[in-house]
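For clarity, chains are labelled A, B and C in written order, and residue numbers in each chain start from 1.
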Amino acid sequence: MDVLLQQVINGLVLGSMYALVALGYTMVYGIINLINFAHGEVLMVGALCSWSVVGFLQPLMPDTPGWVLLLISMVLASIAAAALNYAIEKIAYRPLRNAPKLAPLITAIGMSILLQTLAMIVWKPNYKPFPALLPTTPLEIGEAVITPTQLMILGLTVVALAVLSWLVNRTRLGRAMRATAENPRVASLMGVKPDVVISATFIIGAVLATIAGVMWAMNYGTAHHAMGFLPGLKAFTAAVFGGIGNLGGAVLGGVLLGLIESIGSGYLGELTGGVLGSHYTDILAFIVLIVTLTLRPSGLLGERVADRA
Amino acid sequence: MTHKLFSNRWFMAVVLLALPLLLQSFGNAWVRIADMSLLYVLLALGLNIVVGYAGLLDLGYVAFFALGAYLFALLASPHLTEVFPWIAAMFPDGLHLSLWLVLPLAAGLAGLFGVLLGAPTLKLRGDYLAIVTLGFGEIIRVFLNNMDHPVNLTNGPKGLGQIDAVSVFGYPLSKRLDLGFVELPSVTLYYYLFLALVVLSVVISHRLEYSRIGRAWMAIREDEIAAKAMGLNTRNLKLLAFGMGATFGGISGAMFAAFQGFVSPESFSLMESVMIVAMVVLGGLGHLPGVILGAVLLAGLPEVLRYVASPLQAMTDGRLDAAILRQLLIALAMITIMLWRPRGLWPTPEHGKNLNPQGGAR
Amino acid sequence: MSDLVLNVSGISKRFGGLQALSDVGLRIERGQVYGLIGPNGAGKTTFFNVITGLYTPDSGSFELAGQPYAPTEVHRVAQAGIARTFQNIRLFADMTALENVMVGRHVRTHSGLLGAIFRTAAFKAEELAIEQRARELLDYVGIPNLADYKARTLSYGDQRRLEIARALATDPQLIALDEPAAGMNATEKVQLRELIDKIRRDHRTVLLIEHDVKLVMGLCDRVTVLDYGKVIAQGTPAEVQRNPQVIEAYLGTQSGHVEH
């Protein structure tokens, strides 16, 4: 029981980060029907930029509290990641909007590899320790523990979701985004510029991914060039699981996937009689994906759309 | 003038046959590059059936390569006899299956898995199909990496070694062949074997392309609903494409295992699947010459660049080594070629294909 | 007893809150050109999609040439003998016109993987026959010289004809054309009408969705009129034209004095 509570906490924390990244995937897919394979890499770039900023500022401002440094680095990294994502969309995806269907997919995959490789070159391939900017003494909840970092992840996610929700539901841009996702042609006839909306989507996605990336690095203590790939894929799974194109679905899918992975990894060994150990945790996400697409392709919160001839 | 020369079959045959002899003189390493390129051509041809003909974006194709490799590794190395005493008892001289048995087995196993892994994807659309197949590829790799306990089937990350060389008519290709006027080292012998397999695969692919089945696949690729409306059983046809394409992967894998003498899960990563997809798409989807070109370029060029890499590595303080350079080039190729030529470097010609002037099938 | 090629009745289909089809039925005799007309959104294409298996109906009975069939799998319906064209033209864009029609022959031919790989005599003979028949059909619809051009390079009118040729290649009992005249100019419509006449003369049965009333009236033996998913009239074109409900459906209520 105590183990379960711990797994649940870990799962919620993991799930929050997945949710933030899943939102980026689902927003982009909802608007331009593209799986942005490179989205996970944006997480990585955000995390590494933040690491660089912290590494640069820390010796200069030794008395500043950790959370201030964290915040500054997050802001700066978000700006960098947003600029990067904006550029990627403009240079690599926009020209291919009308190309044969495989082309944008290949470009996206290529972009993912390019970003990883460039990161390897710029930051060198070694695992970098991410400084502990928040106090490390964990708080006890029953028999489980939760660190301040983990609390912050949960808190920050809630704040980010609130801001996003406000943006999407109460601003002009948000309306434009929803309209474009629903019907791009009609939206453009109403005066919405699709390019602006799409760029905005990529920028927002990048900011969310950066937050997730920095949190990830803080939570696990390291940052490196390959850190974004697997979480990116899993976040995509979460988006599909929750219902692609549906923001609430992305969050729900993310949290659920985090819980499934966390609890699953704890009990996999027991459930399979020792045949499958926790090494197999990574494929849990894929299994969730396959099961979702086979049994309920529209996802948990997605709409059922009939295939019209 | 040069183009005519290259399309003359006899000229190409002579060039291809003489190539290793020429490369030999510069060092066996160059023949090795040619050998690996041929194996990649095989993989690209196989994936071409799935992606190029049937339009099914498989991002986990390396799984079939891995299955073929591990099958050969298990059936032609000491591993199984060492781990399972009852197998050692059955095969006191060890497991050394011959080429003629392994090839159909590898093709069969891979083909079976092609159908199995393809089955859940039948109703999925492009992007989702890609991700699910990617997932399958990863699942297979994770299994290969972890099946060393409770029962040591694959030896996990340590991989399987001491794999027999292939023997053709009793002659092991690991020994050099002295023909008197010329000596053929092992790498060259493998070259001819791989070349034969590639030629066979090209013939099979070509025949499939210009056939009722090939047209059916392409119809599915173009418009699945219209294909169904014309009476095509798209489910079975897709499974056939997955299975057929997978067999090429399995055979290539088995040959890889024999050639290297060693296999480990590292060789079968997602990056490999991506690279093979890149070869097919960048070369020219569904167009055999383009696919071969794509494979040769993406497999061979980075190897050649290794020689350029060392000075670059020194210049950039160790950040740019051969592996990174290769990855960088592949990524840039994928992006730039799609932006510049979305149909590939050498796609099917615009004004329709040239039907055989004699009419009907070839 | 006349030879009924298509005998369907009681077809209903609901999409969420919308009842797209209610109790729709019709009977088509062999050799007829049968028209299905009605205002936009009446359910004509939905009807097509149901009888060809693209949509699963909520209810209905289906008979093709006297044999009951279940419209659940699209390819089986085609195998049984209903071929169709699409409102938005769905050709195999990157394949040549000839290849498009050759694919139409798939359902009536057999050679598979082994035949293809080993180039057996049976395979070669069948391929020859397929190509020959495909060329005949291209000629039949009037585009013999476009055989080697990719379908996407063809003009709109030629694409429509190609789609018809492809459908004919499946040797159907019933060929169903979804708005074949859409987007055509007057000359093209005359050519289309001649083609459909030719198809009828060759003892094929045609089901036609069309908006062009003149075309329908001149061509069709019998007509069913749909409005809001219901059959509001069935009969010869002349009969149907005079039906007040039909007039109202197309033109709207005349100063509100006719109530139904």
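Couple of notes before you dig in:
Here is the rule we use: a contact is a pair of C-beta atoms (placed from the backbone, for glycine too) under 8 Å apart; a residue touches a chain by one contact, two chains touch by 3 or more.
Predicted model only: the values in this text are computed from it and were never measured.
Distance from each chain's C-alpha mean to the overall C-alpha mean is smallest for B.
Centroid analysis (C-alpha atoms only) places C farthest from chain B. With centres defined as mean CA coordinates, chain C is found 48 Å away from chain A.
Here the spacing of chain B and chain C, counted between their Cα centres, is 44 Å.
Between chain A and chain B the centroid-to-centroid distance comes to 34 Å (mean Cα coordinates, whole Å).
Within chain A, contacts with two or more other chains are made by residues 309. Listed for chain C are residues 54, 86, each touching two or more other chains.
For chain B, the set of residues touching two or more other chains reads 225. Residue ranges of chain C in contact with chain B, taken from their complex: 52, 54, 74-75, 78-79, 83-84, 86, 90-96, 98-99, 102-104, 106-107, 109, 111-113, 115-117, 119, 123-124, 126-128, 130-131, 148-150, 153, 166-167, 169-170. The touching residues of chain B, when paired with chain C in their complex, are 204, 207-208, 211-216, 218-219, 222-223, 225-234, 240, 244, 348, 350-353, 355, 359-362.
Here chain A touches chain B in the complex through residues 33-35, 92, 95-96, 99-107, 109-111, 113-114, 116-118, 120-121, 124, 233, 236-237, 240, 274-277, 279-280, 282-283, 286, 289-290, 293-294, 297, 309, going by the rule given at the top. Against chain A, the residues of chain B that register as touching in their complex are 51, 57, 59, 120, 123-124, 126-128, 130-132, 134-136, 138-139, 142, 145-146, 149-150, 225, 271, 274, 277-278, 281-282, 285, 316, 319-320, 324, 327-328, 330-335, 338-339, 342-343.
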